[in-house]
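Each in structure tokens, the structures are laid out below.
The same chain A turns up in both complexes below, where it pairs with chain B and then with chain C.
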Partner chain A sequence: MQALLSFDQAPPFGAPARFFLTAPLFAILAGLLLLWSGPGLFASRWTPEALALTHLITVGFMLQVMLGAMLQILPVVAGANMARPRLLATLVHLAITLGALLLAAGFLGLQPLAFRLAALFLGSGVALFVGSAGHALYGVPPSRATIRGLQISLLGLSVTVALGVLLAIALDGALDLPLPRVTSIHFSWGFVGWGLVLLAAVGFVVVPMFQMTPAYPAWFTHLLPWSALALLSLWSLAEAADWPAPSALLAGALLLITATFAVLTLHLQRRSKRARFDATQHYWRVGMLCTLAACTLWLVARGLPERMAALAERLEWLCGVLLLCGGFMSVIIGMLYKIFPFLVWLHLQNLGGGRVLAPNMNKVIAGQQIKRQMRAHFLALALLLAAVIWPEWFTYPAGIALLVANGALLRNLLAAVAFYRQQRTKIAALIAAATSSDGKPSLTSHPATKAPAP
Partner chain B sequence: MTPTDADIVIDARGLEPPEPMVRTMEALEHLGAEATLVLLLPREPYPLYRALEINGFSWQTARRPDGTVEILIRHQRQ
Partner chain C sequence: MIPYVELDRNQTYYLMFINAGRTATLDNASSQLMRFPMHEITDFMTRDHRLCDDCLVAVEQAIVNGAWELAGTEFIRFRDALLYHFLAEESVLFPRFEQRTGMSLGPTQVMRSEHVQMRQLLAAAEAALADRDADEYAGHAETLLIMMQQHNVKEENVLYPMCDQQLADQLLELLPELQKQLATGGKVAA
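Now for the complex of A and B:
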């Protein structure tokens, strides 16, 4: 019999792995930026340091993991294979890594050239990825809400980056744009059209799959991507046309969808068949609670009178930290702890060619190390929130905590790579031995494998 | 064919990946020439289809009203 397990269409190990390994480096840079700039960073949402920090997390961390994960999951959940994945991964990874660095440098040095190069790299990298993913998804029947969600999130990403490119060009006065309004539309498409829609589309599959919960209600999985897209488009028009009342109403509806996703996820988690929560479940729970807190604070900030603008600004800051570090980063790290070991397992299984079974997925990263990293991340989150209110006291501890948490994340992912390399050598030796002993390979349990229960 | 008619039934609806794939491939290793295996899952297993194709198995997929995906697997007829 030929290789019993063969995922010959799965992208090579290094293709998604390079995105996952780069992401923590950007969060480490974000920690260093906090230490370098000090409490002044929190003076306003619009300080160059605050904008650089935001983009180190969104473009440097979130975009890296999300593109790597899409490369990995498109064949699995949609049966859609992207052409020449190794070349695509190399080009896109290089473009978005350079783009994110240049963007942060552009904000910090207010250099028009850095902004323009960042726009060029990010624009072309994302366009290449969206084109390739769109091509792979073309013709795939959207029988499941997840596939539709992935398609809509690619559209959301395109709009976000297109507006970002416009802003990068407009910043030095080359274009006459109403900057605050375009910025607001840019980050709303990033948060909702790209981030929420992608996270939810993936969550509809991976929450029940890895957390042993019932499925999300079918009506909601179909409703979320479409309604997010429609409401976001209408809201953008209302915002661009400066119609405050419809804009506020549509923003409220978007908030309601976001909060419903968080509440539904928390509700499903309560019905998990797993006796004890693992790190991924804790990460998701904290992520959803932070999302709900951010929605609430945003409403409060909007309801405050003009004379309390300073308080409203602090609340908006808290929303940003809750959404980025508490919501997106938590859920993304939680998913990485499933995606990365799965990637290792998948490729070892493939290398074993059905003759040697890959080690158990849970052995890829030590559980204790994952727990430690998780605690460090939650501490960093708490310190960042405190730094928004008391910058003089908490900026430096928050910077150090962010550094430590993401150093630990990088260490855990590198441990998984080391495990992969070590097992790859063992598997090659086992196959060579089995083939030379009787000339006929047979299914062999890997020494590190615990045989599955019958 | 219903699951009760199949020679082997694997109900993998409560299992965390990659356990459903591992169990199915182990069972297929010993599947008789005329025998059938039914796999029950809460989603469609695209990577499994590719593995089945490579290894000379044929399959039919059906969806139950409750969302369960039922995959009937047997050796390809020569």
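Now for the complex of A and C:
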């Protein structure tokens, strides 16, 4: 009989960790870009600097963390093992990191070559990841809404990147495309098809789990991924065919789904059984409040008459900052503060082989440092929002705040890595010492470790 | 050696799930689909998971309020609830499952090893509580909570449904036995 289990197939710590550690570097670059370009960046949504900034956050920060996290959670949530995780992580990480840098460089220098190379790297990196994840997920019955959500979000990512590649090639006039329309389809798939669906799929599991809230209603968890996909597809068709009325109606429905997710999450959080809110819960709450605010502002912007186009443009800017920095970044950082320390603990615990108890996960990153970083992030968010309205006053403070907040995030994650390395050495030494002294050591002999007599 | 019971498509998937991050192979998986799904074991054991969660929260609440005496009594309730839950699984549910399926090195083995880790965390939390060290307690409790939750997800979605399917004919004797085992922990088992 073949052994049913082998215990060495979990993705190695370095596989997801490299994605998590690279993400803050891109947000730091975004801060530097604000300082370098100055208030002119906020002149319009379409300035090269604004586009570079957006992609440093979406491709540089969000995509990094989301792919790293998926590498880790696919086996746990869906039982889907990705083949050769270390090699896959190396290749995908390299491709999307280079791709994000080239893309930002392309926008800033308007270099067709940089765009083409960025398209090549991002396209191939994401294709490799989606292919590998799709292969692992193939045939897994979607018994739970989360698994379906993960599958649909991968589809959403593919559409987003495919349209992005198309745009990168079309920018220098090589293809005759209605650029603004394709762009709006591109970022809607990114926001909803990839971002929201993935965030919700993960949230359905982790919000009740970490915050001890009741579960999301089953009908909603099943409805969200499918309806998002269907509405997004129909909306794209309406948009491409230039049918304003159906397009507005479908966009409104997408907005409703997004807002419902935010309201439900806030409602569940209020029923959390935890005695006090930790950083992750605060991050989730702010993230959901920002999402709601963005939905509201978007509706207002859509309702404004033509002569107030300038105001509508500012409101769209605010929506962008609220969604990216306030919504996605907040929730992502909040979850990193749970995932990263738990992974450190789990890997140390496995190294100890059950004979040594690893230091608990709250020791991995100091709580005080997490709180400070969180305040810096919220300050950066507030200053960025102010910079949209008063660029001359707030662009530089916002740039500095973004730099500081993400410098602190990087520092916290590096502290966790240092902790991991230090404890790994310590545990190896402890085991070696214990094994040489009495052969079979047991470092925990507390009564509660034993099962009570039946 | 006890021969394999034929496993269906769902179970093959369940095994992959249980062995998250590890390799599971089954050489005699067939593609029959479950016809009459039963939920008795899943429902019963899931209720007990929630009860353990509530007990852990009660300790946290007491510590935040500075009520150390109360925290001590609540912790004992929690500890007993958790340990008797493990015991009910290890002495009643898992052996029957292993006997029926012939898989003593399968998912139950993974669950047992996670029980060991959780017993260690429980001991560490108890020691911190005895020292009235709120930070130390919070750290161990938080780690234990995440460990418990990811363990519960695997059991509730994978192992218990497998038990429901494999042990359907033993329900009449199995449920009272589980109930008795859990009730020993001083809980009101529904």
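Just so it is clear, the second predicted complex is superposed on the first by the 433 of 454 C-alpha atoms of A that agree within 3 Å, B and C clash if a C-alpha of one lies under 4 Å from a C-alpha of the other, contacts with A are read in each partner's own complex, and residues count from 1 in each chain.
Note that a contact is a pair of C-beta atoms (placed from the backbone, for glycine too) under 8 Å apart; a residue touches a chain by one contact, two chains touch by 3 or more.
Worth saying up front: this structure is predicted, and the values here are computed from it rather than measured.
S.K.: Quick one: classify A:P11 as touching chain B (first), chain C (second), both or neither.
M.R.: second
S.K.: Looking at A:F342 after the superposition, I want to know if it touches chain B, chain C, both of them or none. Which is it: first, second, both, neither?
M.R.: The answer is both, since A:F342 touches chain B and chain C.
S.K.: Scan A:P39 for contacts with chain B and chain C and give back first, second, both or neither.
M.R.: neither
S.K.: According to the contact criterion defined above, which of chain B and chain C contacts more residues of chain A?
M.R.: When the residues of chain A touched by each partner are counted, C comes out ahead.
S.K.: Which holds for A:P112: it touches chain B only (first), chain C only (second), both, or neither?
M.R.: The answer is neither, since A:P112 touches no partner chain.
S.K.: Who does A:P48 touch here: chain B (first), chain C (second), both, or neither?
M.R.: Neither partner.
S.K.: Considering only the touch criterion stated at the top, classify A:L357 as touching first (chain B), second (chain C), both, or neither.
M.R.: both
S.K.: Is A:R276 in contact with chain B, with chain C, with both, or with neither (first, second, both, neither)?
M.R.: Only chain C; A:R276 stays clear of chain B.
S.K.: Look at A:F210 in the shared chain and tell me whether it touches chain B only, chain C only, both, or neither; answer first, second, both or neither.
M.R.: both
S.K.: After overlaying the two complexes on chain A, where does the chain B footprint on chain A coincide with the chain C footprint?
M.R.: Common interface on chain A, chain B vs chain C: 1-10, 75-79, 144, 205, 209-210, 212, 273, 342, 345, 349, 354, 357, 361, 452.
S.K.: For chain A, which residues count as touching chain B in their complex?
M.R.: These residues of chain A touch chain B: 1-10, 75-79, 144, 205, 208-210, 212, 215, 218, 273, 342, 345-346, 349, 354, 357, 361, 443, 452.
S.K.: Mind listing the chain A positions that touch chain C in their complex?
M.R.: 1-11, 75-81, 140-141, 143-144, 205, 209-210, 212, 273-276, 338, 342, 345, 349, 354, 357, 359-363, 444, 446-452, 454
S.K.: Okay, in this complex, where on chain B does chain A touch?
M.R.: Against chain A, the touching part of chain B is residues 14, 16-19, 21-23, 25-26, 28-29, 42-44, 46-47, 49-51, 54-56, 67.
S.K.: Please output the residues of chain C touching chain A within their complex, sorted ascending.
M.R.: 1, 9-10, 13-27, 53-54, 57, 60-61, 63-64, 79-80, 83-84, 86-87, 90-91, 103, 105-106, 109-110, 113, 116-117, 119-124, 126-127, 135-136, 138-140, 142-143, 145-146, 149-150, 153, 157-158, 181, 184
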